[in-house]
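Next come the structures, one after another.
Consider the two complexes below, in which chain A is the common component and chain B and chain C are the respective partners.
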Partner chain A sequence: MPLPGGELASRPLYFFWICDCSGSMSGQKIQSLNTAIRESIPEMKQVADDNPSGQILVRVLEFSSGAKWRNTQPIPVENFTWTDLVTSGETEMGRAFSMVAEQLKMPPMPERALPPVLVLVTDGRPTDDYKSGLNQIMSLPWGKKAVRIAIGIGGDCDFDVLEEFIGNSEIKPLQANNPEALTRYIKWASTAVVKDVSAPPSQPRGQGSVNVQIGQIPAASTDPDVW
Partner chain B sequence: MGQLLKEKQRLNVKNSGTTCEIISFLGGGGQGEVYKGKLDGKEVAVKWYFPDYLNNDPGLRNRLENLIKNGAPNDRFLWPMDIVTSQDDSKSFGYIMELRESRFKSLNDLMKRKVEPKLHVLTIVGFELAFNFRELHTRGLCYRDISFGNVFFDPKNGEVRICDNDNVDVNGAEGAIGGTPKFMAPEIVRGEAKPTTSTDLFSLSVLLFYLLMSSHPLEGHNESQIHSFDLPAQRQLYGLNPIFIYDPQDKSNRPDPNVHTNAIECWPIYPKFLQEMFVRAFTEGLRNPESRIREGEWRKAFVRLRDCVYYCSNCGEENFRDFESTETVTCWSCKKPTKTPMSVVIEKNRIAITRDMKLYSHHIDRDSEFDFSKPQAEVARHPTDPNKWGIKNLSSTAWTATAPDGKELGIDPGRSISIVPGTKINFGNLEGEIIS
Partner chain C sequence: MWRTICGSVRGAIHVRNGKPNQDSIKCRISERGEYGIMAVADGHGSGKCFRSDLGSKIAVDTAIELLEKIVQQSKGANHSFIKDLIESKLPGTLVSQWKKRVDEDYRTRGFSDLSRGEDSLSFEAGFAESEIAPAEIHVAYGTTLLASVVTSRYIAGIQIGDGEILVVSEDGSVERPIPKDERLFANETTSLCSEHAIADFRFFFERLSGITPAILLLTTDGYANSFKDEAGFLKVGTDILKMIKVEGPKYVEENLENWLDEASKRGSGDDITLGILYRQEIMERVE
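And now, the complex of A and B:
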């Protein structure tokens, strides 16, 4: 142990994917989303790796007729992998918001953290009461502090709802009309936004350092001598 | 690959009139992307800007051309060498710089403990940072964005490389950048000032504090009380109400033992003279830009700190001997009391004698500048008696010594004198004494 202290103290950053898996997402849309998120993971890991003061934890919520968490606990991004979403049913966004709100309470959220990032991806209109779910989020301190991003796929999306979810006139919902745009937005949300919330970017990491063997401490002589 | 340039794409190199071929993508940032390229058979780095970024920084092209024309202060700066443009993309441009060798690691890596250099290496990194930012500032230039991400070091020898020099400009010039959060001077955070040499000095102090303490000088109790670490919180902590965690007068922002363990562990291991400098930097220097510690002072302090490094007599780990104190140092690693090392006192300098102590020209010659490339003396073992240690003359002139018994001895270049407390060595225009 050549250095006192340890890693720089960091705060957790909870990153939520809130993904629409309703029937209308079937086919190319859901496959594009699966690909886009899967492709963004290595870059998200790089962001985490370059960032000494934030620890990124990922949660995935899928919603259709009802909603469910992919994992029971947040996953550190280093260990995060993506399993393809499958589609069926309605667009119960309100149910999804309620479940996100449950997770934004303290606990399970810690008292000290970076602002959470909520990324909503959908292609449609809520089929349930989204307002009460959204109100639940917005009634919580972490809900208010969260950075909320919304990506609408295609032209059938209800962008008014997405704007309401974002609740910040400076951030507009992103409209992805093709897979390239979706990939770009997903990457932006999972890297640039995360950087903005946690810390500025830096350069690739390195590896281990020198390991100097402990030697003897020079001892005092008694005889003055020149050699 | 990145988004902006393609593999094998050829860029026009403005001044040299040749082309540069893109080899691979290296990384992206807020302003653009960096690629590895090949120019005249040599690998180089190419930074290419996002077209959108150029709208925010209209002075960039001129700034770069001036930097290229005037050249780097020295080899520690990975400086813009030439402008590159593309026939396929007239909306943007970039510049070429030397490629950073892989031996250099970022301070982020140090903060994450992916690299763990020895403490004496950190003292060299601190010296190099102060020395080289001084080189920049004495040319009338201002860096404007000193932070973790822009500084790299070699964990073996402490040599640094300063990157991202495209924000460098004449001090006082208008610029597009404010700095990096946590490193910006309070007056910039509050929106009262723009980056200048003086705000660079604040950022440098923060960087040096991070280097030695792996923690932020203003993150104590007040930080641990913040729930959501967002911009308003940061504005409060670093701008509106900044309080040094070891402010001797205002103790309200001491490190939180549950959070800021690095500061609590690291602060006490450093000698008082260095602690006092950080106190000045983050009390007076926080409030009054004119009171900030200048690079020259940091430079001397890090040289002095390096002279304080010795090894624990129990576990062999590096510690710092505060020669102004008579208290026994407890080793930060094994927690046992350490034996005070012998030292050489030469005027104001006092250098701990360790198995790898070296004396440099600034130690033994009153008129000499810092030059760590040529040691003038080192600790050496007797060739036949391994229990006998001496100080070897590596200089080109003979020294004379007076043993405690009054006996005069000559020490020719290449010869050594035994380490006997009370011995005085005359190096020419300075005299030193070995102290037990």
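And now, the complex of A and C:
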């Protein structure tokens, strides 16, 4: 005898890599980012295996002079592979934010989804109107409820913009001044954060500004600064 | 004549994390089955709500008591009087009674028994019990609440927070009598513990004349979140009606918790509770 009701399904968790591929990211920065994300994938898959109640779907958006999705559709993490990013051009972060906002609308986002995770990785300053793109994200229910993480590479990054993107005084941008730190932060965002988001406990409205309680942020790297 | 079937299972995520089932359910059928009352509550899972399993239990106990009092005291009263009692008076009484009982429970248990436990870590440990504000105590017991009553004259329901009430007609059509609350999004919910709880209640009231619903379902949000889409969840109403009619209520009762367990494992991973109030006459017609 079948179960009552229609098809059962775990709740989708949309994970967005929003990667700066502008000219200033060329060389060791983009190599380190490519390596860090590629190496984090097996552990991200492990997190997915450990929690079958959330189905992790990955999206990758690269931005420089314009922005484009790596895949037309979200990729289930079990099928996700990494193809190296290449660099050139400007830092049109606003365009990237607008494109993310399009994907956070309902539909394509289902109402029953888990809070999406947006991870922004950049080394620079936006060269376009980032505020209007960010406003588009923040005007959407899933934009407001998204867990927004920002990783700034090197000291030239505009951390005020990253703080604005996060929009929550309890979560600070992460500053990666060497490849080891970048690897550590990428791994944390794609495993620990995903783990917290994939089993979010319900909470009464108005109890704190954080939608999902994020665990311990990794400590700063002790390696020497190279960026 | 009204009958009930109830089931509640600990969520797959709670099993993995070692947390208890924070849902509660309670039903009351009058001696001759002329009326049925059911309440379901979903204690919040966040760290600050570490007593929510008890909070949800207190909520369903309180709701059943107060609704039964209304049913018994309003026999023969006109519908608008009863509707007013449920929509204007009940929320205030319910919230104040719930808070009073929570305070009593806190005075008995305190929070000190948690000082070595995992839960205290969630409750921003480090301050003396004397410093705990009443509002923080209520948050620790925070919960949603859905309750419904059906008599020969009317059907009514109240709700604060997420969860679903479904009314199923004899032809199998399913209705959601309380419209969606757009504020209940992602993992945030209105709650008995909130400052504005009384204003956050939502209601339905319908006088019954001739056509009476076949079954009434109350569930916590873990069930609806386990289905791929809304149509799949609403189909539960049609299927349960058919199963009661064809296989009989005993079959549903014996299998209910297995179904809910399976839904949690393959779906949301959350605690799931389902209460069914069904009219016994739907069986007799088949026979």
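Going forward, the second predicted complex is superposed on the first by the 190 of 227 C-alpha atoms of A that agree within 3 Å, B and C clash if a C-alpha of one lies under 4 Å from a C-alpha of the other, contacts with A are read in each partner's own complex, and residues count from 1 in each chain.
Assume a contact is a pair of C-beta atoms (placed from the backbone, for glycine too) under 8 Å apart; a residue touches a chain by one contact, two chains touch by 3 or more.
Just so you know, these numbers come straight off a predicted model, no measurement behind them.
*Asks:* So, A:E7: does it touch chain B (first), chain C (second), both, or neither?
*Replies:* A:E7 sits against chain B and chain C alike.
*Asks:* With both structures fitted on chain A, tell me whether chain B or chain C touches more of chain A's residues.
*Replies:* Counting contacted residues of chain A, the larger count belongs to B.
*Asks:* Could you tell me if A:N51 is touching chain B, chain C, both of them or neither one (first, second, both, neither)?
*Replies:* After superposition on chain A, A:N51 lies in contact with both partners, chain B and chain C.
*Asks:* Applying the touch criterion given at the start, work out whether A:G155 contacts chain B, chain C, both or neither, answering first, second, both or neither.
*Replies:* The answer is neither, since A:G155 touches no partner chain.
*Asks:* Kindly classify A:G27 by the partners it touches after superposition: chain B alone (first), chain C alone (second), both, or neither?
*Replies:* In the superposed model, A:G27 contacts neither chain B nor chain C.
*Asks:* Have a look at where A:R112 lands relative to chain B and chain C in the superposition and call it first, second, both or neither.
*Replies:* Both partners, chain B and chain C.
*Asks:* Which parts of chain A are in contact with chain B and also with chain C?
*Replies:* Touching chain B and chain C on chain A: residues 1, 3-9, 11, 51-53, 111-112, 115, 141-142, 145, 199-207, 212.
*Asks:* Quick one: in the complex, what on chain A touches chain C?
*Replies:* Touch list, chain A to chain C: 1, 3-11, 51-54, 110-112, 115, 141-142, 145, 199-207, 211-213.
*Asks:* Any idea which chain C residues touch chain A in the complex?
*Replies:* It comes out as residues 12-13, 16-17, 42, 44-49, 139, 142, 162, 183, 185-191, 193-194, 221, 224-229, 231-233, 235-236, 239-240, 243, 247, 255, 259, 262-263, 265-270.
*Asks:* Which residues, counting only chain A, touch chain B once they are in their complex?
*Replies:* Within the complex, chain A contacts chain B at residues 1-9, 11, 50-53, 111-115, 141-142, 145, 195, 197, 199-210, 212, 214-227.
*Asks:* Spell out the part of chain B that touches chain A in their complex, as residue ranges.
*Replies:* Residues of chain B touching chain A: 26-30, 100, 102, 104-106, 108-109, 111-119, 122, 147-150, 152, 155-156, 163, 180-182, 210, 213-215, 219, 224, 226-230, 259-263, 265-266, 269, 310-311, 313, 315-318, 332-333, 339, 341-342, 353-356, 379, 382-383, 387-390, 401, 403-405, 407, 409-411, 415-421, 423, 436.
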